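Input: structures, listed below.
Two complexes follow with subunit A in common, the first pairing it with subunit B and the second with subunit C.
Entry: the complex of A and B
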């Protein structure tokens, strides 16, 4: 009996011992993980987290950089929401997100599928498609400024060859934002492509082979195998595209400076202008917090989606 | 033997010379002597490749001149320069000297990032009497001189000589009145067989500051002013409306210009022969010469009752620092730069403020001068934009300010002129009342 009785006790001791060992290993691993993360974490805290927290604080202050900050409660938030230019900026940025989100995801996927084929020259084409990513935004802006020119631009040249009248892309308030969206898609669709490409290459060939044996055609394989397995990548790409869309600045600043008639004036330009040209750090920080909240909603939605998947 | 002396001492010959020079200057300058090889930092916004090379070349000459001061220039685009400067000032790391436009001076003086330079002017021997009254007024704030006015750059009239000749007009007799200008503009506008315009007589782009400068000039020509005597916007006045309506009519009634042609960065409607005439500052002279265009310049025609032409000016100011140790060195460079301004002025394409420099052979003897001359002739008619502390937010040309947005709306036809100017006044007044 004793032996019987002692057996479980002995097992539990052993379990405890192994749990302790496991705990030690785990805590060692946790420490190692933090050590590996620390260079990034240090930079993240210094250049992202602390400035973000500081901006939140500044959003309740009146401060022109040179003087001492003064607490004014919610006045900055009241000021920006009463400023028609801020509301225009929100509207314009939303329009930009609307124009870019779907094409960026669909085109990114289409390009990835195309470049996932094992054809001659695929590596070269992949490089060509990815190349715009390394070009600076000012260069992209100036380049597309030329391409969109009404009189001498290539875009209008091709439009006229198919019988369409030239469009003053960057000078007509109706066309300026679509022009910026086209530029952004050309410039950044490749990052979506890379994520999709990686996800595509993770899908086992066997699944496609099995489906083919069962008589599934290419469209059925795409709908029933590729798309479901791409869901996590899709959620990530969609969220990143939308968040980056809300943060658009460079193209608008270089190509149209927010014009014509404020048609491409976006939230980040509002923040930049208010902070570094009018030196009103409070309202600028408040606008930054509003932008943070908008992007946070999309981040949370993406995290929720990822969990559901 | 002399060599031995220098070899045994810790000084190089240059340092010794520099020390000697600074010792000689010491008595005359505020705060006494500066150390040999005193470094002075200069921030400027002349960022084009030619401008930077020209400016660096001039500064190199100064640095090698044995004056005991070494100037280190850094160029930023104007917007970056201003934000960086204010932030650096807050952090106690402001550059010693900064080059900007005189219209921006009240803002920087109000923000206290620059200091008055009356003492430096007196001690360095800077001769501001050579500068026209308007230039001196422009650098004076609260009764104190804050900067050295370097140049003036008024709007001018450029025309393509080949096109003018082809149209049967005399390039030696450019239009002097609004009627003559309209006649040229009509004759220089070319249409194809289907009636589509292939070339406009005049460039009036909607997307850059040019339209604002032209309208501003015309507003004063028609007898208006930008601000009223209370310091609020007077842009809805009859003169201002007539001036803007004249420009809108050039687009819609006469069809001699199109606000969608030219203006954006990288676009060059004048060189690509999309337009025959344009109004722009002297800074395009070198570009047009490099393009080997057959062009000529003239004074702005008088469209209203009197001559008036938009202008601005660069000036050099001293950043406010924790101590005044470098004032003598600052003054040495400022005087030298002002006295030797003919070379950078020619390369950048601006007209020296100093009469002595402007009339010197170093400026009038250049091949550019035949184009600069019309700008010099227009100097008595120049009008600076209002010198107000809110200048950067009111007059910025690359932001959707009330001024820019409503001017664009009037030119594009999305708002009638009176409505656009009424909305502009409301927006401007809100900015001006902000203080």
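Entry: the complex of A and C
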């Protein structure tokens, strides 16, 4: 994302030149620019900006679809934070983020490095790893729901062949979230892999060759050349992984419906339950704002951390 | 997934062997679930729970597919998903490309602010929007319509971001020459810029179509009849309650049917796709 800010020097020079052509040209360009932008801006305002503001507004109101909305200050926030189910949802979602974030980044990079090599078959393996990306969440849930079945699932079958006792996975509150995390990694690590692959292909070959001539081993080249040059990609991948982790819902909904014993009940399911099954719009909007704040805090902390390293 | 690099780790025989072993393990772990889905969907009932698991069915049959289409409005769900997916993709491409052109190639007041706001939505958890969106659409009677499933999704920040990168790479001289020839800005955009940036458009098309085809939460809220219900929402009803007693072969057949369009779409555009990603500012 850094490249957005830094324009190539040639372009800015051209722009300065065109800026001197006079006010008439410039205002013509401004008009043209906003004409091109107008469809996007209209949709953006209607379906993104206004709903965001409305969500914040509704979070301070009592609103049960039928009656007129009434301003009640922070009551909705008090209500959800007094609700043990909401606190459980925050804890569970955090656990999911914890279980997925590091493996998704590390494995994404490892896969990218493995498949960045000039070896026969890498194209095929990349396609295989990428294939789950096109599988929809209901299907992922149906498929892995069976793979994780205690009696007839493939996971337990292959685990028993190496001497591990069958695990009840989705029926056991201790294993349900790890099972969802494994599913999520299988399903979405490919996005991270692709971003890292694109970044790796940008690192010049000469750099590695020069380092090899200077006597650097593979590990030193990784630590001193690859990793530093991957920083922007690493920042993006980490941010997206964490934010998407906090937004988890579909898999939990299809595979476990939030159970067993609410062990996979997540924040978005709380929003769904509150708004669209109990029709309490205020607390649901408040839960949405809390989700926004959590992802915001995590993104900021992560940016700070990336700068510090 | 085309251009490959010289072998860094794989120079020695040992390194190469290790790489191949890892590649086989990765292929097995990522490929096996998909293969299992395909294999199970063509198994007769008697073979589904065979122990040990059989990777090759003895008597392959398509009866699960027959049962699936007979018992559930699969064709309707499928049609809805296709209509929603295609409309969303076309609309997103149009709106995003139009917006990306001035952001990439024109200088005007407010440009930085607009860029900043658009890219901030990258980090927005969309679930926040669903309550107000639902209430808003509901007050216009637009819930449970194709409109509610397509239009709100089409102002897509990622598409603008990606296309901006592509449009910036097109040389200035081309634009000057085109405008000098009386082509006009829109003429340049339509006849020169878009044809030159096909990999970018293909990448946005893949991302948008797959995202729309697989979108779950919003259609779950915004549809309440089979007339508008899309595949992901319809299929989710197969596993809840009544679905639990359903044969695994039928469930797996549903999985195959649901995955086929996006898999084919991806395989067809795959070449553009990786070039598209590689050409973005996402890289290091």
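Quick notes
Assume the second predicted complex is superposed on the first by the 255 of 309 C-alpha atoms of A that agree within 3 Å, B and C clash if a C-alpha of one lies under 4 Å from a C-alpha of the other, contacts with A are read in each partner's own complex, and residues count from 1 in each chain.
The criterion applied here is as follows: contacts are C-beta pairs under 8 Å (C-beta built on N, C-alpha and C of every residue); 3 or more make two chains touch, one makes a residue touch a chain.
Just so we're clear, the structure is a prediction, and the values are computed from it rather than from any experiment.
Of the two partner chains placed by superposition, only subunit B is touched by A:279; subunit C is not.
Of the two partner chains, subunit B is the only one touched by A:261; subunit C is not. When subunit A is checked against subunit B and against subunit C, the one touching more of its residues turns out to be C.
Looking at the shared chain after the overlay, A:178 reaches neither subunit B nor subunit C.
Of the two partner chains, neither subunit B nor subunit C is touched by A:103. After overlaying the two complexes on the shared chain, residue contacts for A:142 are found with subunit B and with subunit C alike.
In the superposition on chain A, contact is made by A:66 with subunit B only, not with subunit C.
Residues common to the contacts of subunit A with subunit B and with subunit C across the two structures: 65, 141-142, 145-146, 152, 254, 257, 276.
Touching subunit C in their complex are the following residues of subunit A: 1-4, 7-8, 10-11, 14-15, 18-19, 26, 29-30, 32-34, 36-37, 39-41, 43-44, 46-52, 54-55, 58, 63, 65, 111, 113-119, 121-139, 141-147, 152, 154, 157, 186, 194-195, 197-203, 205, 208, 218, 221, 229-233, 236, 239, 243, 246-247, 249-250, 253-254, 257, 268, 271-272, 275-276, 281, 284-285, 288-289, 291-292, 295-296, 299.
The residues of subunit B lying in touch with subunit A in their complex are 79, 82-83, 86-87, 89-90, 111-113, 205-207, 259-261, 263-267, 269, 272, 274, 392-393, 396-400, 404-405, 408-409, 412, 414.
Those residues of subunit C whose C-beta lies close enough to touch subunit A in the complex are 1-10, 16, 19-20, 22-23, 26-27, 29-34, 36-37, 49, 51-53, 94-96, 98-99, 101-103, 106-109, 111, 114-115, 117-119, 121, 123-136, 138, 151-155, 160-161, 164-165, 168, 172, 185, 189, 210, 213-214, 216-217, 220-221, 231-233, 235-236, 238-240, 248, 251-252, 254-255, 258-259, 262-263, 265-267, 270, 274, 277-278, 280-284.
Contact residues of subunit A toward subunit B in the complex are 64-66, 85, 88, 141-142, 145-146, 149-152, 168, 170-173, 254-262, 265, 269, 273, 276-279.
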